[in-house]
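Next up, some structures in structure tokens.
Look at the two complexes coming up: chain A is in both, with chain B in one and chain C in the other.
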Partner chain A sequence: MSSALKLVQDASQRNSTGSKDEGPEAVVRFRGGGFDPRPNAWIGWAAIIGLVAIWQLAAASGYLSPLVLPSPVQVGSALLKMAAADDFTSQVSASLSRVASGWLIGTIMGLIVGCAMGVFSIARAGALPIVSGLYPIPMIAILPLLIVWLGIGESSKTAVIVLGVFSPTVISTFSAVDNVPRGLIRMGQSFGLSWRSIVLKIILPGSLPGVLAGFRITAAIALILLVSAEMIGAEYGIGALILLAGNLMQTDRLVAGVLLLSATGLVISWLLGRLEKALLKWR
Partner chain B sequence: MRNRTIAGLVACAISTLASIAHAADPVKVCGLRFTSSAANFIAVEKGYYADEGLDITLAYFDAAQPVAVAVSAGACDIGVTGFTAGMYNLAGRGTLRIIAGEAWEERGYKFIGFVASNEAYDKGLRSIRDLPGKRFGVTQLGSTFHYNVGMLTDKYGWDNKAVSVVPLQSVANMVGAVKSGAVDAAALPSFVANPLSAGGAVKLLGWVAAETPWQVSGVIASKDMIDKRRSVVEHFIKAYKRATAEYDAAFNHLDAGGKHVFGKDAEALFPIIEKYTNTSRAVVMDGLPYVNKQASYNIANVAAQLDWYKARGFVDAGVTVDKVADASFVEVVKENFK
Partner chain C sequence: MDLSVAAISHWYGGTNALQNVSFDVKSGEVVCLIGPSGCGKSTLLGIIGGLIAPSSGEVRLRGAPPAGSLNPLTYVFQDFALLPWRTVRGNVALALEEHKLPAGELASRVGRALAMCGLSDFAEALPGQLSGGMKQRVGIARAIAVTPAVLLLDEPLSALDAQTRDLLIEDLLEIFRRESATGIWVTHNLDEALRVGDKVVVLSRRPGRLKKIVPVDIPRDQRVLPESAAEMARLHNELWSLIKAEAVMADREVADV
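Take a look at the complex of A and B:
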């Protein structure tokens, strides 16, 4: 009790002495600023180049054995060999079509269910436990079941990606709908807008930023699941290529395949960035 | 008084020296909980390694490939595992060598079997010769399962792409695919194939051993181990050969009709194998391959495997049999299976 009182007294003394020193017209330094993200494209490139340079140096000096990690030069030449092979286009196109079809189907299904859950309480109460239950199912563990259900053709490979994309899309969509400011909806109601107009003109555009942010996550999930999907009897595909290289301990091809996958991820992320800019011009 | 002190010191020194001489050499042995590794388990359980002054630690993996990787990386001193294309690629980099044999596919024994889906069987896949034009499930390209179908292709002179090989990554996926008819046929270990065909889920077409005998697995050691601790490896092999001789006496018997039968010593060994493989008597009895009495391996067959893998780009061109196999620890067979 007494020590607390003393602290208060100390603080007030400090304040009073401080104001004496600075005088009544003291100039206070501007303390705002910072914490603003500023675009700085070249630093990203410099970081990548620096990392690759350190990696090559470590490999060249013998500190990093090829068994642990092949050098960038080895990976680069494996990548060039891969790209020069006759079946390269069929490898890439097989994977891209699986990712595209799986992601599209999963996203459309997820958007429908997610919007319904955002708008209708009954749909939310009914679907939320099911979606939450589906989310953590490991796709690799249920591959034998998927093979029995759907065979080893494209449908089972697509299904892996659809299932993986669906739940996160539902969750991001319905929370985006949830986060549309209530004030806007109430305003629409007081202006006498129909239910349909409120959904189409306020809720859907208002939830778009959240939905698009969800796309970035689900697109990455689709690429991650590509390798699992191509565990099922895939003759061609980037995932199949990575799996084979791993099985044969051809680590240079393994890393090259992984780089190919992450390059695909970068391209998709860039495309989504363009989509966001185009669709969210109104912001 | 003084004499007694000196005598005491001397006795103390002698006993210390003796204990140093008897300090067991630690050896980490990695492998799978497979019945094909029975000899290794027998040697551990019966103390044959301890008799050679080795302090063995066992570590288990669920596939052959990671064992080879662990031996290469120095995480294991010795591996007891199947011969895969990935292992040959590692051996080609000078990290490990084959030093002794384990399971052979030998006529009369049932280790890996060919099975057909019921659907394909109804449509006419009645024997191994009907495989061309069918979809054949394997774990991975360049795996022993792929090699099994490759040997058939060579034996019967089929076109290289006559059987379409479908990589499914795991035995569980292969079982799912062949049960549902997603693939027409697959190669499965006997302890999986036998219960499935007995239950009517698949049809058994035949056994790899009856078609194309070959060297399936063996003992590998890291290059470091061979170079720096050669006497430890020699002691290990000595103990391992005691166990393979015992395995031979108990399990390597065919009756007059060519059927696999067990000797009178088998009963005593079953509990050991059951314990280390965590399986039942029935599974153990189903899955005992031929293991050479002298722990020999067929070096000519290893060379043939390398040629097959290299021709398909699964093993790097520079990998030769000299880099892969060390023939100085056991007698090796220099003539390939016929």
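Take a look at the complex of A and C:
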């Protein structure tokens, strides 16, 4: 503000001491601010703490019945109690091993089919209609059929995650391969690179950004399917734990289970971020 | 190595891009290809290098490639076509990795090519960190590392600003001189064509036909001298008069579509 004022003064002085131009004079005001959102970790933490504080206050003052929504302190102590219980590790490891194996198998299958569709005309023409038809199906709808086929045990839960991860991985891999600039492939051909070298040195690294972006989507899908499958029929697992807590009106345990899922999602997202950083250093 | 373009015609679907184009390139000669936009210059270069199959006609090579040539017909691309995830060194080494070279030869070839293009200090940089001019130097280093018989340059300077272009053209001429390289250089810039070409092949608007072959008889190192100015201006006028009417017509054709 003060510098702007000074400019006005300078300008008026110059005007009075010699300029022949008698017209009115103005200083150009800066008008290019805003529309430039920036991250700020402090405000982020403050917002979380503020929300929890309001929640705690509402619960403590009696506005919120513990049955509707237990206070953060109650949720915290439920979480600690759960963590101390004997079956906690088996609950969490059941969920993690289902989601990890399902995601991994679905991803590997999807990568193979997606790459084949990106490179071979026959694979593309043959698989595209099938995958396009598979893609919009909410895979949880197939779980009853999978249970008929595979029984109520682990394999039906893993299979539903495999199926749910498979078609989005195919689509993202196929389009990532397809989006590798043709010019780079022609360059490889013009330098006499073999088919194998073109695939390994140009197409695969070139499609990696798109493939990794797809991982974020499929990880979220895998988590949703995991909880759904565990709610339909499982003894152990975070989804089963949440469902049981709901049936028993133990809302503190229920919310604690949801927080556990949130933490799982955050850890997965962090791991994927690390993977992207390691593999895409060049970006 | 001599190269003959023999009666090349090409269609894209129903569109006739090139019609019966023939010319010869002698070993050690730099031939510039000019013509109005859309006349099929780049298509012709793609055909010459074997990246596009012509509808009819053929390209013939005669003579042995230079000793140690790993890729007789080698491109320098307008958009550089560098792999962004490989360092400068990795990009230059890409084609060499295909061959079983004696120990140390890969490194020495890469080192020599980088040194010739002034890239030795940038060997570990990624393409994304380089300016356009430096990226094209990498493209040129990659090409000379395989000891080509004929360099195929597809508007190699068109993506660069005027100053970078002037700097790079001198370096390229020096490389052509030292390697006594044969080149086919596609451009739409008449000055560029007259600066580098031993002869200039002028194509008509679509379908591209051979309009005229204009020899540039002034030695390359004398073309910038004042005493050559009159002859250079005459050549420029000759090329421009060949191109201008075609360019105007081509421009209207595009506008009609």
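To be clear about the criterion, the second predicted complex is superposed on the first by the 230 of 283 C-alpha atoms of A that agree within 3 Å, B and C clash if a C-alpha of one lies under 4 Å from a C-alpha of the other, contacts with A are read in each partner's own complex, and residues count from 1 in each chain.
Here, a residue touches a chain if its C-beta (ideal position, glycine included) is under 8 Å from a C-beta of that chain, and two chains touch if they have at least 3 such contacts.
Fair warning: this is a prediction, and the values are worked out from it, not measured in the lab.
Engineer: With the two complexes overlaid on their shared chain, look at chain A and say whether chain B and chain C clash or fit.
Structural biologist: Because the two structures are overlaid on the shared chain, the partners are seen to fit without clashing.
Engineer: Would you sort A:170 into first (chain B), second (chain C), both or neither based on which partner it touches?
Structural biologist: In the superposition, A:170 touches no partner, neither chain B nor chain C.
Engineer: Tell me the contact category for A:205 with respect to chain B and chain C: first, second, both or neither.
Structural biologist: A:205 sits against chain C, while chain B stays out of touch.
Engineer: Please work out whether A:187 is in contact with chain B alone, chain C alone, both, or neither, and reply first, second, both or neither.
Structural biologist: Touch status of A:187: second partner only.
Engineer: Touching A:282 in the superposition: chain B (first), chain C (second), both, neither?
Structural biologist: second
Engineer: Determine, under the contact definition given at the top, whether A:197 touches first (chain B), second (chain C), both, or neither.
Structural biologist: In the superposed model, A:197 contacts chain C only, not chain B.
Engineer: So, A:113: does it touch chain B (first), chain C (second), both, or neither?
Structural biologist: A:113 contacts neither chain B nor chain C.
Engineer: Tell me which partner A:94 touches in the superposition: chain B (first), chain C (second), both or neither.
Structural biologist: neither
Engineer: In the superposition described above, what is the shortest C-alpha distance between chain B and chain C in Å? Please give a whole number.
Structural biologist: It is 50 Å, taken between the nearest C-alpha atoms.
Engineer: Take the contacts of chain A with chain B and those with chain C, and give the residues found in both.
Structural biologist: Shared contact residues on chain A (touching chain B in one complex, chain C in the other): none at all.
Engineer: Once bound in the complex, which stretches of chain C touch chain A?
Structural biologist: Counting only chain C, the residues touching chain A are 49-51, 70-71, 73-75, 77, 79, 81, 83-86, 94-95, 97-98, 126, 128, 142, 146.
Engineer: Which residues of chain A touch chain B in their complex?
Structural biologist: 66-67, 143-145, 147-148, 151-152, 231-235, 240, 243-244, 247-250
Engineer: For the complex, which residues does chain B have touching chain A?
Structural biologist: 65, 68-69, 72-73, 84-87, 89-90, 93, 95, 135, 137, 140-143, 166-170, 172-173, 175-177, 179-180, 182-183, 314-316
Engineer: Would you mind writing out the residues of chain A in touch with chain C in their complex?
Structural biologist: 181, 183-184, 186-194, 197, 201-202, 205-206, 280, 282-283
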